[in-house]
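Next come the structures, one after another.
Two complexes follow with chain A in common, the first pairing it with chain B and the second with chain C.
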Partner chain A sequence: MGFILISLIILIGIASYFLGNLRAKNLRTSNQKNLKSLSHYYGYYVALWAVVPALLILLMITSFKPFFIEQYVLSDFIALGSYTETELSLLFTQIENTALGIKLFDENTILINGAVNKLNYINKTSENLTYVTVLGLSGLLVLYSLFNINNKLNSRKIVEKFLLVLYFTCSLVAIMTTVGIIFSLLYETLRFFSQVPITDFLFGLNWSPQRVFVREAGDLDTRDLANAFGAVPLFAGTFLIALIAMCVSVPVGLLTAIYMSEYASPKVRDWAKPIIEILAGIPTVVYGFFAALTVAPLVRDIGQGAGLTVSSESALAAGFVMGIMIIPFISSLSDDVIKSVPQSLREGSYAMGATKRETIVKVLLPAALPGIVGSFLLAVSRAIGETMIVVMAAGLNAKLTANPLDAATTITTQIVVILIGDQEFDSPKTQSAFALGLTLFVVTLALNFIALQVVKKYTERYD
Partner chain B sequence: MKSIKIKADNLNVYYGEKQALFDVSMYMEEKQVTALIGPSGCGKSTFIRCLNRMNDVIDICKVQGKIEIDGNNIYAPSMQVEQLRERVGMVFQKPNPFPKSIFENVAYGPRIHGIAENKSDLEEIVVNSLKKAALFDEVKDRLNDAGTGLSGGQQQRLCIARAISVNPDIILMDEPCSALDPIATARIEELMGELKTEYTIIIVTHSMQQAARVSSRTGFFHLGKLVEVDKTETIFSNPSDQRTQDYITGRFG
Partner chain C sequence: MTDRIEQRINSLNKRLNSEKRFRIYCIGAMSFALAWVLILFLNIFSSGYSAFYRTVIQVDVPFLNLIEDTTQFSEMSSEDINNLSMYSFSKKAIYGLFPDIEEKKDKKMLIRLFSIEFEQEIREFLKSNKSNINETETIYLTASDDVDQVNKGNYPRDLDEDKRRIKDIQLLFFDDLVDRGLVSYEFNLPFLMRGDSREPELAGVGGSIVGSLFTILVVLILSFPIGIFAAIYLEEFAPKNRVTDFIEININNLAAVPSIVFGLLGLGIILNTFGLPRSTPLVGGIVLSLMTLPTIIIATRASLRAVPPSIREGALAVGATKMQAVMHHVVPVAMPGALTGTIIGLAQALGETAPLLLIGMVAFVVDVPQTPLDASASLPVQVYLWSESAERGYVEKTSATIMMLLGFLILMNLAAVLIRRKFETKW
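What follows is the complex of A and B.
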């Protein structure tokens, strides 16, 4: 139903555009009326009246309809007064199923049969009513706006204003989503901190949320609460793996960027750059099994060959693969930054008799340094937020260690572990995921903010 | 007659398919200012950039012919371009100090060529170069400030100081005053008068008055050809070619 109705509205909209356009043209020629805008703006004006209110009404109807239908259908049962909320909603599902011909229960009481009839009736009626209301409204407004076209109406202004509202609404969607996410994170985090002190969380050295159980009465087993949620091992693991990743990606990425911006011929650049950027497009899960099945055993074998104890899941393997993954972040951005150093500085250096290497090391890199640092920071925030590789290759054990050959775990991994499967949403174990999420969010936000500031400072420099 | 420092012989330059210079032959005298004038796109900048092989940076640029400095062909395979550029300094149209301190800007050349023996040597070179470029008095209290923070004219003199810091024989100036105001221009012109006692200077300029003021010989380029080169007085008072006559009287360009 929705599809047909929306198509109809759009058709009306298109038709009314031409009507408005035509009427404006007629007015212009027959009455020598001096219209304030070009004819097609009157077309848009009429089309907007035809489409926008109709769609808004449709949106309202569709969002409120289910509630009213449910109330209407269940009115007999509600009148009995012996049903709870949950039972009522179960009943409604049963009625809906029966209406569709699915009979799950044999208790076809008269009441349910009556309700099914009611449901069928109200569905039909409401559909017709919707059609009439929406199309009627659309048509009326087309007529209204058509007769509204005169030399006093500045349709261009109205159209521009409408577009302004549209743009604003669209940007509002993203902003409101962010705000919503932050608030839901904050809310759950505060609930978590009401049970576990924030200092225990931030400075505790022991992470083992699986030890916390909810007893039958809904009370917490508080014995282990204090040292189950120390997040330091997670912070340390995250830091360790991100550090290994940066050790791989910074040199490789930076040297790639230098090669691409200063040495590669345009031809090589044209095919090499997209291939490098594909690295960023590979799904992280693919990196994950690459890390788990290829790199981790390799690291273990090499380590054992050298007489070291290496666990089969190691921070080194995960960090290494993660480093490969974020190479393009560094190489791409640094490449752009180095390239944007003015040509005049290169020439100035060459004219002094500097070689290419001297020019790069002594002039280009210092000049591009803020931008390069910015790219490092963006890469770090990507590394910290990465989950899949660590889940698959670095293990799930929250152990406080600085040994890269040991298993390690990160904030994101623990969030996954905590939330996988069926969980009660009021246990501190589940809520700790929100606290971890918020911590991660704050850290990445800070890194991104610093990175953007650094990059911004850089861009201001040459003009 | 002065001794000849630079000699170009049948120089042809191509940018890809397009030929930018046609059979240019001219010489430049030692410790004199030679001006190159001509309308935009006439090849005068291309020519000056051949003298320190700056065109090597451009992939599609191809140079044929010979340029001799003190009798050595600078396009010979044995010529090391870094050493050539140490001897042939260049000042660009737009001042291009490095985003470093004033001191580091001037110390750049001596550092990469290993000219200074020690720190005090380097300081002496920097101070002398700044003095020769008539900038020292203005910046002596802030040698560690950013070179990019100076005014346009000061930046250009900083670039001149940078160019002379490695003690070159020749200084190429590619429209050095086109981005500067008249007062800064006058200072640079005055400076050129002082510098020519030590250096051979080649200047590309759009301003015929400037060429007339600073140079002893002037070459007129048009459409990639060297139309005429002669003593500056001769070029501006009694040119032998009609095109030169038209250009200096303002009929085109």
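What follows is the complex of A and C.
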């Protein structure tokens, strides 16, 4: 229904553009009226009146309709007064299903039959009513605006004002997204912390929300909750995997950047740079598959060959693959920074008889250090927030370990494990995922902020 | 004196050697990075290409056993054919491959060489050829996943029998069929057309391709206009004040927020507060558009900034309003850059998995979705789902899905490069 109605509104909009345009032209030629704007602006003016209010009304109707329909259909049951809120909503779903032909009631009481009939009736009526209201409004406003065209009306100004407001609203979406993120994370997190003390979450050593889930039916005492939601093993696992990733990506990325900016001929550079940047464009789920299916067994076999016990979901495999993923972030950012060190510094160093390596290590790298450190910090924030690789290749059980050959789990993995599939909303288990999300959000933001500050504060200007 | 010269020469040699070493390290690091690109692609392709063909086994189906006169089929409607009971008839047709076997257990093993839907396949054949069915027809039936993998050489035959999914007697049957030339390969069209399935040989990516398409469509419809308008406002109209600064900081921060946080936003606000339907491309698209918006805004702003001021001033000088100058002259010039940014943003959205897991797009969906409001998976989510499955047949399917995903991404990036090359103006 929505699709047809929106298409109709758009059609009316297009038609009214031509109507407005035509009317403005006619007014100009027949009445010798001195209109203030070009004719087509009157077309836009009429079209805006035709489309915008109609769409707003449609949006309002569709968002409030379900509530009113439910109230109307359940009015008999509400009048009885013996149902609670949840029972009523359950009842409504059952009535809806019955109306769709799915039989759920063993005995069809008169009340329910009445409600089903009511639902069918109101569905049809409300659809017709929506059509009439929206299209009628659109038509009326087209007429109003058509007759409103006169030589006092400056339609260009109105249209431009509208566009400006539209643009401004669009740029607010970024703020709304941030507000939405913070609100949704904070709301659930605060509810979580009302049940589990924040200190237990931040400093507890045992993470096993599944246990709470199992025991939920019985009595939950707070000691249980505190013991189940200690996030330190997750922080440790995240740190361990990010550390392994950085151990791979920092040397490789930095040396690659140095080679690209200082040694490589333009031809090699033109070929190698895009190929390495492919690594950044590959979806992370592909890395996850690669890590789980190829690298993890390889690591295990090598480890077993050396006589070590290696978990099949070792932190090493996940961290290593994540490190490969991060290489291009470090290499291209560092490359830019190293290249932007002024040529005079290089030449000065060569003039003193320094070799290329000495120039790079003793002159260029110190000069580019803030930018390079910034790129490392951005890479760390990327490693901490990375989800799919660790979900697919790292462990699922939280265990406090510093052994890279052992299975470790991360913040992001646990968020996915908790929230994948069906979840009930009021359980502390679900809310704990939001608390983890908030932690993640704060940490990555802080890292980005620090990275920016480092670059801003310590970058030296050579001119 | 000579001592000192020698010392000098020694230290020079040392320095030159360390220079050489350093250079080798650098080349080593770069080759390491390049090698992993190669390994990754080779690994995926070598395990994935075989999913694009499938094993079929020729079976002679004596339709005369089902009906006295095969011309009668042409008068039946599809409904009638659906109502025909064909299970034991189909089984008998398969037993016809080895008329000698008597034991029930062996017969069961023989049936298991075929995909579970063999009856359905014969029925489909009957439906589409009902006007000219001969007394006996040769039909190519899909082999079961185990047979398929053995035939492709992906499955080790020399394991102990109790460790193998495929049994000795089945291998005997299979080898005999190969000798008789009844086993062949066929292009795996069902893999591209069908939805997910619990049977690897019947599982397809059709559903997730359509799901991905719908998701990307929603992202395009939402994020392209919003991103461009926001960029125009911020770059051309925004006054320099606190609100504008705040918006800018916000956009830069959002670009750095981990994608899974957007999934939490989708779950907390879009699903639970606004009550939009779970598991649908619509919700997935909304979440991914919020995620790609910063990319599009930043790219569009950069390309708007690259438009020289002379264009704006020229338009203003001949009497255009600010809005006219921007919309008629600046934006068209900046459009290639904006499009490139959008395509790159869309490619990013296409490969994204984590937020979709949280809004429930991991449901097991057999049907190919018809609208963006149907529950569905997407390509990367399909990769995740299949990689969790134990059956060997899913490994090649997963790799093949990744190949298609990478194929789409390469196409999109190529389009972005082409647009940039073709339309970009140098000032």
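Assume the second predicted complex is superposed on the first by the 279 of 463 C-alpha atoms of A that agree within 3 Å, B and C clash if a C-alpha of one lies under 4 Å from a C-alpha of the other, contacts with A are read in each partner's own complex, and residues count from 1 in each chain.
Rule of thumb we're sticking to: a residue touches a chain if its C-beta (ideal position, glycine included) is under 8 Å from a C-beta of that chain, and two chains touch if they have at least 3 such contacts.
Since this is a predicted model, take the numbers as computed values, not measurements.
Asks: Check whether A:Ile6 is in contact with chain B, with chain C, with both or with neither, and answer first, second, both or neither.
Replies: In the superposition, A:Ile6 contacts neither chain B nor chain C.
Asks: Between chain B and chain C, whom does A:Ser344 touch in the aligned arrangement: first, second, both, or neither?
Replies: A:Ser344 sits against chain B, while chain C stays out of touch.
Asks: State whether A:Met392 touches chain B only (first), chain C only (second), both chains, or neither.
Replies: In the superposed model, A:Met392 contacts chain C only, not chain B.
Asks: Considering only the touch criterion stated at the top, classify A:Ala292 as touching first (chain B), second (chain C), both, or neither.
Replies: In the superposition, A:Ala292 contacts chain C only.
Asks: Give one of first, second, both or neither to describe whether A:Val363 is in contact with chain B, with chain C, with both, or with none.
Replies: A:Val363 contacts chain B only, not chain C.
Asks: Look at A:Ile69 in the shared chain and tell me whether it touches chain B only, chain C only, both, or neither; answer first, second, both or neither.
Replies: Neither partner.
Asks: Of the partners chain B and chain C, which touch A:Thr355 in the superposed model: first, second, both, neither?
Replies: In the superposition, A:Thr355 touches chain B and chain C alike.
Asks: Who touches more of chain A, chain B or chain C?
Replies: Between chain B and chain C, the winner on chain A residue contacts is C.
Asks: Taking the two structures together, which residues of chain A meet both chain B and chain C?
Replies: Touching chain B and chain C on chain A: residues 355, 358.
Asks: Under the stated contact criterion, what part of chain C meets chain A in this complex?
Replies: 15-16, 18-19, 22-23, 25-30, 32-34, 36-37, 40, 43-44, 225-227, 229-230, 232-234, 237-238, 246-247, 250-251, 253-254, 256-265, 267-269, 272-273, 290, 293-294, 297, 321, 323, 327, 347, 350-354, 357-358, 360, 362, 380-381, 383-384, 387-388, 395, 398-399, 402, 405-406, 409, 413
Asks: So in the complex, the part of chain A that touches chain C is made up of which residues?
Replies: 156, 160, 163-164, 166-168, 170-175, 177-178, 180-181, 183-185, 187-188, 251-256, 258-260, 263-264, 272, 275-276, 278-279, 281-290, 292-294, 324, 327-328, 331, 355-358, 360-361, 378, 381, 384-388, 391-392, 412, 415-416, 419-421, 425, 433-434, 437, 440-441, 444-445, 448
Asks: If you look only at chain B, which of its residues touch chain A in the complex?
Replies: Result: residues 52, 54, 57, 59, 81-86, 89-90, 92, 94, 96-100, 108-109, 112-113, 148, 159, 162-163, 166 of chain B touch chain A.
Asks: Would you tell me which residues of chain A are touching chain B in their complex?
Replies: Checking each residue of chain A against chain B gives 265, 342, 344-355, 358, 362-363, 366-367, 461.
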